[in-house]
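Below are two complexes that have chain A in common, paired first with chain B and then with chain C.
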Partner chain A sequence: MSAQRSGRTAVTGIGVVAPNGLRTDAYWKSVREGVSVLDRITRDGCGHLPLRVAGEVRGFDASAFIEETFLVQTDRFSHFAMAAAGAALDDAGLSGKAAGSPYSVGVVTAAGSGGGEFGQRELQKLWGQGSRYVGPYQSIAWFYAASTGQISIRGGFKGPCGVVASDEAGGLDAVAHAGRAVRRGTDVVVVGAAEAPLAPYSMVCQLGYPELSTAEDPAVAYRPFTSRARGFVPAEGGAVLVVEDADRARRRGTAIRATVAGHAATFTGASRWDRSREGLARAIQGALDEAGCAPEEIDVVFADALGTPEADRAEALALTDALGPHGTRVPVTAPKAGFGRAYCGGPLLDIAAAVLAMEHGQVPPTPGVFDICHDIDLVTTRARPAELRTALILSRGLMGSNAALVLRQGEQA
Partner chain B sequence: MTPRRVAVTGIGVVAPGGIGVPAFWDLLSDGRTATRGITLFDPEGLRSRIAAECDFDPRAHGLGPAVTERADRYIQFALVAADEAVSDCGIDLAAENPWRVAVSLGSAVGGTTRLEHDYVLVSAGGKRWDVDHRAAEPQLHLAFSPSTLASVVAERFGAQGPVQTVSTGCTSGLDAVGYAFHTIQDGRADICIAGASDSPISPITMACFDAIKATSPNNDDPAHASRPFDAHRDGFVMGEGAAVLVLEELEHARARGAHVYCEIGGYATFGNAYHMTGLTSEGLEMARAIDSTLDQARVDPTEIDYVNAHGSGTRQNDRHETAAVKRSLGAHAYDTPMSSIKSMVGHSLGAIGAIEVVACVLAMAHQVVPPTANYETPDPECDLDYVPRTARPRKLDNVLSVGSGFGGFQSAVLLTGTGGRTR
Partner chain C sequence: MSNTELTVQELSALMKKAAGVTVDPQDLTARVDTPFAEFGVDSLGLLGIVGELENRHGRALPTDAERCKTPRDFLDLVNGALTTGG
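Presenting the complex of A and B:
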């Protein structure tokens, strides 16, 4: 533990594996340009299912990022998480064996769908061939804790390790959890989420979500905040951050890319989107309180943007409920409209986009959305230049969680 | 600023051998075992065909068809355990500020039993990769989403504060209690419904532990198959169940004149960064978790009165854990009873950590250490006092519960008696 600590959680590393970019720089380029990569699903065995459109991670060669010993015992969702963690550690200047005690680095991930493709393969062996055909890695590849465990082992990180198995909002909760670990004395936490929900059986499992868009045309499948909103489309991928105490980061001469200033979470019931208005507003107020941030200081909002009329209305109203008149004036964006909702990975991708937006002074657009039917200033068509010092990131989960997180640019407290 | 203190004011349990706290404590204090041949499905062909099953009739515990048609078995367990805990704590939750009521529940494998059931339907018995969605049940998405557990429990009690599901393998239950402790300590809620549930007795889960020979193959003598710390131990016996605790900020509990069982004195978790399923013989990381909880509560190692062991009954676990406790407690380890209730109720993966915390609460309430059933032959590598076969009266002020999980998780929770120190 360090002698002097600021109590502030700094983001010093970002790693991304997303449908619209396999690296952080490629992701930002697509986000800034408002590129949509939503497309027909091409994963093996999925073509006949009534879920047609998603954000697939294409061209990802796991073996380029991860050693064979880890590859064989892990699902695609852990491949994404391990690749993103490696990139985040590189970015933070902590790759290789970091100096200091192994207990000073923890790992936290959020997971909402587990190792579905690996699990389906082993289920097929069990039921198609017999129990003795189930492989030795099923017990460690399918479960929600796989990515945290493997990142910990691969990096030699023995600090506090955790897993929030959650709906989408758990992605923000995980980052807050990591921040609390830092405040309790852990130097560094590798925190993130990545999902791979596009295996055939995993897709069947999602068909019951009432908010799922089963549109066949990628151009109209996911259009949040429009009068033709018809639900969300799922996505693969996610992001991992390196967070650490701000003073410690400064002492080791690492650039502080952003500061996690505040977070709060509430619960208002599965698919009770009318009630999510109050839940989200309270989460925003809680996050602002913890950050010591006035509503007018929020320079950009990364919206949850679920994409059903009722949920979008609740979110738009929650912004005004929590931010007052500023709620209709602050720029709002939803880059995920261009690549889908990666469950717990979604909020991490939003955090990554928010940090990059603040660094570049540009609010990225909401791809494919033009006809907004809510009283918010949704940024569309092209990125909008702006001085961005504080960002608000929102997330709601299909099981009823609401969360808000306030990020400050660089070292601002 | 002094951290807010966290009290345990309610407990509930669904465990093999008896549903509800009285039946559970009877089983533990009698040293009876609830392990038997699997009845929940036909286990033919498996290496380990034994388990500790719950004889669970949801209707007998007030769950109507509206709940049972939607909620998986593990969620039903959690609801029944939560009903008992909330009733026990005496809080009128309807009169509380709902935004200050949190939920933190753990599960290692969540809805996998239902996921497997429907997989068989949509794949025509494992024949096709391109599964047929038309054969799936309409509620399948609730089994797919791990957060269904905390969500359903939160809705039942009107909780609107932070609601989360924790899934750190076999330490899920301890970690869910730990996260709840932090949630109240940090001031994010005043009350937290905390615990864990799992119902993993299914072909896929049994088969995947078969594949790594982690479970006991002693099918001929299931009642004596779970043998933690015994020289002849040969793996764990799968279990199922749930436990829920109501954690409450101490002043909140005092203000309403609540019965306080004990306090959560500390919680810590570390990764071993060693192996997803393997454990070292040194136990360094678990020892560090224990040390951290003692530091938090300012309790000296010599003041620990009982260690509730993970004690799964695998060769490596029991050796690892013995080393960890010796490392943390020093010579006092030899004077400290350490038992494993998995000898009686099996290993219910993510649930067991919470079930063991409830066992510790009851041990303190009764001032009795539950035994390690089936312990007969000492193992030179496991040379502590494992409380063989018979429960033992003892003054219990400070009690530790520890756990290890796949993924390398090593966690510890310290319970401190109400008559103990103030911090």
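Presenting the complex of A and C:
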């Protein structure tokens, strides 16, 4: 066995590619200021579809981050993931060098839909020109596991690898999975999720979701926890973390940005938002139990904020069910109201925001939301200064998964 | 379609298109015995090159084509097949 381990999973690197920031620092600035970047969808071939507003990642030049040999064989969702992974490894001080054996580094991603744009292009060749015109990289580029595979190949990482396909909340489940790999002895796990759901085929796949907001006006399209909640808007992008054992991080002298203290997940059925109240409450209780955390210790909640009246009500009630009276007093926020829900990437972006919020002692606001109609202390308008030691991150998926994750404040190197 | 030989220039362009590998034709000529893998062309990349050539010439290439290790092996095999008309 290697050197002594604490059994605590430390976050030592963060990489973000989001609609409101192509780098972690730009993302935090937008989140802290409560900037909304929701806008009309401009991507090619999407103009005729009845989904109008989303959070697009604009100005992202994949070739600035990723070698062409990787670009030709990957979809946009993997481009985001590889760029974010590179940034996270840089942040952790692990870029360009395998930390010991290549088998000591693993990769886990969560994925909600895979590489829809790449897949559509090749399927159009299949039906338009014939099977001989389908490129061989179709065999890998559009699968859920593509980003895990490409991050591991690109970095030379041969440790435990996997992909979690458990709905949007899988973004939190993936981080818990990475934590288990670390506890079992893997030195470092690169874990995250990024999605690219704004392409014609991918968008058509979403049109059947009753929770999707098809509003034309970006200012009103996604207003969770208000009486005018009318659904959610999708987003591109996501975030990747580097996690490792806390003692290992201390030994190599790197800052522990946060620790992953607890997680739990439940399942309550697709679009059964009334039932998600109990599912979410039980996930919160499970995460608190694993973290050894009392409800009153939670200093901030990053809400799932689906944005339909029924789902928002269930989440607000779940907070009180699980946290008691503290559930109506703890500051709650939903930065994603300003840039959309990036499916599995969404919970990772919330984790990134929560770590940054704890580091800066500020609860970021929920953009564009003023008229709250639930009994929660939703932070709006501007960031609220607060000492934040413990954060709770919630996520639900359209297919019925619920998950909760408890993060604890980090420590300097 | 034509039976013209595959040149190093064309192979260089195909490596760029199918596998994202940029190699100057002169450099490729000089390193014609260097394995494809060292240029960054993996097995799927070579398969893509074979598919592109088959579509261009409207005929199948020998199955060994996608298993060639070096540009020289590949050029010899492909040009042998294309020029014999077999």
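Everything that follows uses one rule, which is that the second predicted complex is superposed on the first by the 408 of 413 C-alpha atoms of A that agree within 3 Å, B and C clash if a C-alpha of one lies under 4 Å from a C-alpha of the other, contacts with A are read in each partner's own complex, and residues count from 1 in each chain.
Here is the rule we go by: a residue touches a chain if its C-beta (ideal position, glycine included) is under 8 Å from a C-beta of that chain, and two chains touch if they have at least 3 such contacts.
Note that this is a predicted model, so its numbers are computed, not measured.
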Touching A:Gly156, do we find chain B (first), chain C (second), both, or neither? first
Please work out whether A:Ser139 is in contact with chain B alone, chain C alone, both, or neither, and reply first, second, both or neither. both
If you stack the two complexes on chain A, which partner ends up touching A:Val164: first (chain B), second (chain C), both, or neither? first
Who contacts more of chain A, chain B or chain C? B
Just to be sure I read the superposition right, which of the two partners does A:Gly114 touch: chain B = first, chain C = second, or both, or neither? first
Chain B versus chain C as contact partner of A:Val72, first or second or both or neither: second
Those residues of chain A which chain B touches in one complex and chain C touches in the other: 73, 132, 135-136, 139-140
Within the complex, chain A is touched by chain B residues 45-46, 99, 103, 107-110, 112, 115-116, 118-120, 122-123, 125-127, 129-131, 133, 136, 138-148, 150-151, 154-155, 159-169, 175, 179, 182, 186, 188, 203-204, 206-212, 214, 268-277, 285, 288, 405-409
Residue numbers on chain A that touch chain C, as the complex places them: 67-73, 132-133, 135-137, 139-140
Residues of chain A that touch chain B when the two form their complex: 44-50, 73, 102-103, 106-107, 111-114, 119-120, 122-132, 134-136, 138-140, 142-146, 148-150, 152-153, 155-167, 170, 173, 177, 180, 200-209, 264-270, 279, 282, 397-401
Quick one: in the complex, what on chain C touches chain A? 18-22, 40, 44-45, 47-48, 51, 54-55
